[in-house]
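Following are the structures in question.
Below are two complexes that have chain A in common, paired first with chain B and then with chain C.
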Partner chain A sequence: MKTRFQGLSGLSWLSLALLISWLILPLIPLALWSVSRSWFFPDILPSSYSLRAWSYVFSTTSEVLPALGQTALIALGATCISVIIGVPAGRALGLYQFRGKAVIEILILAPMIVPGIAVALGLHVVFLKLGLAGSAIGVMIVHLIPTLPYMVLVMSGVFSNYNPAAEAQARSLGASPLQAFYYVTLPAILPGLMIGSLFTFLVSWSQYILTLLIGGGRVVTLPLLLFNFASAGRNDITGAISMIYILPGVLLLLVAARYLTGRNGNLEGMHRI
Partner chain B sequence: MLSPALLIVCGLFIGGLALGFVGSLGYMPLIGQETFNLDAYRQILLSERFLLSFLLTFHIAFTSTVIASLLALGAALILRQSFLGRSVINFLFQINLTVPHLVGAVGILYLFSQSGVFARLAYEFSLISKPSEFPAMIFDPLAIGIIMQYVWKEIPFIGLILLANMQTIGRDYEAVAQSLGASRWQSFRHVLLPLLMPGLLTSGMIVFAFTFGAYEIPALLGQNYPAALPVLAYQAFTDVDLNARPEALAMAMIIALLSAVMIYGYARFTRRYIRK
Partner chain C sequence: MRRNLFANSVIATRLAAFLILLAIMAPLMAKAADKQSFNNWEEVVEAARGGTVNWFMWGGADNINEYVSGYIGSELKDRYDITLKRVGINDTAEAVNIVIGEKQAGVDDAGSVDLIWINGGNFRTMKQGDLLFCGYHSLLPNNKLVNWQDPSIAHDFGLPVDECEVPWNRAQFAFAYDSARTENPPKSIAELIDWVKENPGEFTYPASTDFNGSVFIRHVFYHAAGGPEALLGDFDQEKFDAIAPKAWAILNEMEPYLWREGETYPNAIASLAQLFANREVALYFDYDPAIFGINVENGIFPETTRSYGLQDGTIGNTNYVAIPYNSPNKAATMVAANYLLSFDAQYEKAKSDVWGAAPAIDVSKLDDDAAARFAALPRHPAVIAPEVLAQKSLPELHPDWISAIEKGWQENVGN
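And now, the complex of A and B:
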């Protein structure tokens, strides 16, 4: 590997600085609004600051904390189901060659590209009939449309670098299938599985239209609340909710940025967030 | 091993699309309509509301994809070099990857609305004397705010895919070209760019399909008439008049059809298909 620094030209530095500022810029007014008391035109900075929005957000009477719990619960549920169903599927796709594999790969990929609204409008009637519309369970199930394919894609990447011979050795030494999985397979895939699960959690965490359509306004998650406060012009509370809402993603990025290499399927699904 | 996953993908995804298709043909047993017809498609294709909305949505998706791809290509070309502070810059470059679209949309709203940060700066420098003199970039006919949001969000996405591709390709091909007398521009234009093309096209297709079908960003930053297609579909779907439902589903089918074209393109251009 090359280690020498080539250095950047002045023009490159300038464009890089502009680009990074552009990428950070939209987050700044949100942070400022969350701690402002009054910030009227044409003040460039708030004229007075307060933690009013934050105390509202964390008060027991606001809907923010229940929405936070609801969002997290739905995302956790969707992630767990995706892990249970997605790991075996990822193994099959990552380890084995079989007829029709290309078709299945496209079938797994398609839900990540087709916009949620195109699918959810048709599903709505069935969810209504099954009594799932308007319930958190229904929302969790519909979130599987983007989360499960993402998990399968990530796990098939993990398993394509995995050698199943060790399992056979463990089995020949007397391990049960469960023991072989627990002591041999799981440790090998655990890092990929953890990262994949965290990003799957984020995919569900950031869904808007699927929740709105299937939840029918009765399942209030953070993004729905955020949208309502933003269109009602409550900028301070909108700012505070935004800060809470982006926290898991930013924390995750701090831990896992190096896994987003684009070669393991992690990245291709990122646009769903 | 695959069957549970396939069952869910087929049940939810294919099932949702199939039901949407049947519904778009006017089949609604809930209100006693059990015949099939093409009325919904005929109606929307003849309405000015739909056509304007389609054109607007196409403009939003196309413009955002092209601008984001070009800027991402430029960013990737800079970021692949080694320089001091590269890891910090790389982290900052990725930061909005995990920030949900909606948060970015609100941020753009607070920056570019007529009482937003940039309007205040314009006032400070005496460029405008009241908020309404600031050019409309939110709820505007050209959808500038929406496009800015998408460009903001998609630059890191496309950029990282390109960076990964560049790492795989390595520098050797360009080095050979330059040793044979190619200029830096020539080695980029005739060596690196063609090698990057599959990555650029596939990520562009993902972004195009997404920006064509996303609801919350145009719902927050867009004008009422014409509204973006997903917004129009949602409005028709939640209309009290149940007869508008087949039209909503027909619009959903049109969004699905467009993304199907993108998936076809994706499958054709994905690296593993090309290297065969």
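And now, the complex of A and C:
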């Protein structure tokens, strides 16, 4: 680790400092708003403080804490399903040439090109018919539309730099298919898998319109509550909910950062992506 | 913008639903909605016991949320064993779209929306689309507290209510100013025009896409038309073409003297509130004057905020709660709607530290004791008394007029 940091040039340090301030600075006004009672232009700091926004956020009326759990559950579920679908799909796209590959790639990218609302309005009727509208499961499934492209794209990038011969070697040495996956494939794709999962989790975490339409208001996630107050101009409550809203992102980033910066021979594939 | 988006989205939903229905669901027959019928109130209350009410309402005010989830929720639980679930939304059209989608999918008796806080164009959409449960007013005991002779209650933006919704609040447009900064705020649209020229940069109003911006523009329209009388009733293109140029001329004449020389207009009333709070502009206005007191209590507006109506009157409306036709909990929802109209609920709501909303019931129909309690309610100094405001009340226009004015403003003033 030490040698790596010493190796950073002045420019790298500058960009690191910029990145950190870019991430942290916008949060300072939010944090201040959440404890302010009145804050008038052009004052630099609020003229009076209050914890009222926080007491509302933690009250049962606001439903912020149940919504936090609900949002996390949905995002985790959407991530798990994305992994199950995205890893084999990414492997097929990254490793093999087959007829119609270009068409499939475009289809996978389509949700990133077509606006979500156009898809969601049609899907609402389908979900109602299937009895999935208004349920957390339905919301989880509809979140796959924006999350899957990220997962599949990252995984196909990972697999395009992956040599499946290593699996064949493991198999010839007596490993079962599961063992070969666990001891050979998984370590090699793990950093990419982490990045894909992180994307997926955060994309699901930030969904508004899909959740609103498919959840029908009965599946309350944090973005829905946040938008209620943001559009009503309640900066204090918006600030307090925002502080809670960004927590999982920050936590995940810290956890993932360990995987991504750790020195690991299996990472070599990643550097080429 | 959002309203247009939802208008398009309705069309998109219909198209998509039509195709999907044709393709896959044609063989399935939509179940006919069986209209629940009750003979008397006791039957309704009995059927309501243990029920749930999913109430979709704008969720951007913590005090209103507290009143509904806290006070109304616990009273309904204690009195009738009904569970109230408040669903906060950003725009009433979101709830309307859910019901439209359900109707298209043939969900006729298991809808997800039981009650909607509604009025105006959204009510029109639902009533004309047969999306509402109607004809139950005679069952509600508290219906007798409502003055149905008052045309501003019996008509929702010009459309007869026809027992399809229950009044909840009254609101009337008013201006607010900081008495410590502004001594003589303009008391009529004519005075405002001069005042804006004398105080450049001190006034602006939200674009016509905003609910409150739109009602301000209607006041100017009434002024240009010499009063609302000529504009009542169905939309009339000839009348519109005669009056509109005058209104646009007034607004265009004001434009260079507005905040930021009128280069841009706030896109939402919340932005105007922020400008007023920051003392960038001297005047604020809102369809619900209770918000002035709430903003002072929240530390957003200065303590010296005061409010007033216009000499020629300001536009007032009633807002309601309505039950979608496919609500699976009609009995419990009727009990909830009836309770909202009760003296207790309306009195609690009128307290300035709870909400300060003007009652939808006619206080003179209450017994003396209850009426006296209403009269004795302390007023917030920032909020003009509703009865003073109500002395000069102007009617709302038919939604077709409103959309024509909103569209005309965008083409002629806000471009």
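Note that the second predicted complex is superposed on the first by the 203 of 273 C-alpha atoms of A that agree within 3 Å, B and C clash if a C-alpha of one lies under 4 Å from a C-alpha of the other, contacts with A are read in each partner's own complex, and residues count from 1 in each chain.
Convention: a contact is a pair of C-beta atoms (placed from the backbone, for glycine too) under 8 Å apart; a residue touches a chain by one contact, two chains touch by 3 or more.
None of these values were measured; they are calculated from a predicted model.
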Partner chain(s) touched by A:S206 [first = chain B, second = chain C, both, neither]: first
First, second, both or neither for A:P111, with chain B first and chain C second: first
Chain B versus chain C as contact partner of A:V220, first or second or both or neither: second
Comparison of chain B and chain C by chain A residues contacted: B
Which of chain B and chain C A:L16 touches, first, second, both or neither: first
Partner chain(s) touched by A:G122 [first = chain B, second = chain C, both, neither]: both
Contacts of A:I237 with chain B and chain C, given as first, second, both or neither: second
Touched partner set for A:S38, first chain B, second chain C, both or neither: second
Which of chain B and chain C A:S50 touches, first, second, both or neither: second
Chain B and chain C contact sites that coincide on chain A, given as residue numbers: 41-42, 117-118, 121-122, 124-126, 212-213, 227, 231
Residue numbers on chain A that touch chain C, as the complex places them: 36-38, 40-42, 48, 50, 56, 59-62, 117-118, 121-122, 124-126, 128-129, 133-134, 212-213, 216-218, 220, 224-225, 227-229, 231-234, 236-237
Residue numbers on chain A that touch chain B, as the complex places them: 2-8, 12, 15-16, 19-20, 22-30, 33, 41-44, 85-86, 88-89, 91-93, 104, 106-111, 113-126, 141-142, 144-145, 148-149, 152, 202, 205-206, 208-209, 212-213, 223, 226-227, 230-231, 235, 238, 242, 245-246, 248-250, 252-254, 257, 260-263, 267-268, 270-271, 273
Interface residues, chain B side, partner chain A - complex: 1-2, 4-6, 8-10, 12-13, 15-23, 30, 71, 74-75, 78-79, 81-84, 89-104, 106-111, 115-117, 119-121, 123-124, 131, 149, 152, 154-157, 160-161, 163-165, 168, 205-207, 209-210, 212-216, 219-220, 230, 233-234, 237, 248-249, 252-253, 255-256, 259-260, 262-263, 266-267
Residues on chain C engaged by chain A in the complex (per definition of touch): 5, 9, 12-13, 16-17, 20-21, 24-25, 54, 56, 58-62, 65-66, 69-70, 87-90, 94-95, 97-98, 101-102, 104-107, 112-113, 268-271, 273-274, 277-280, 298-300
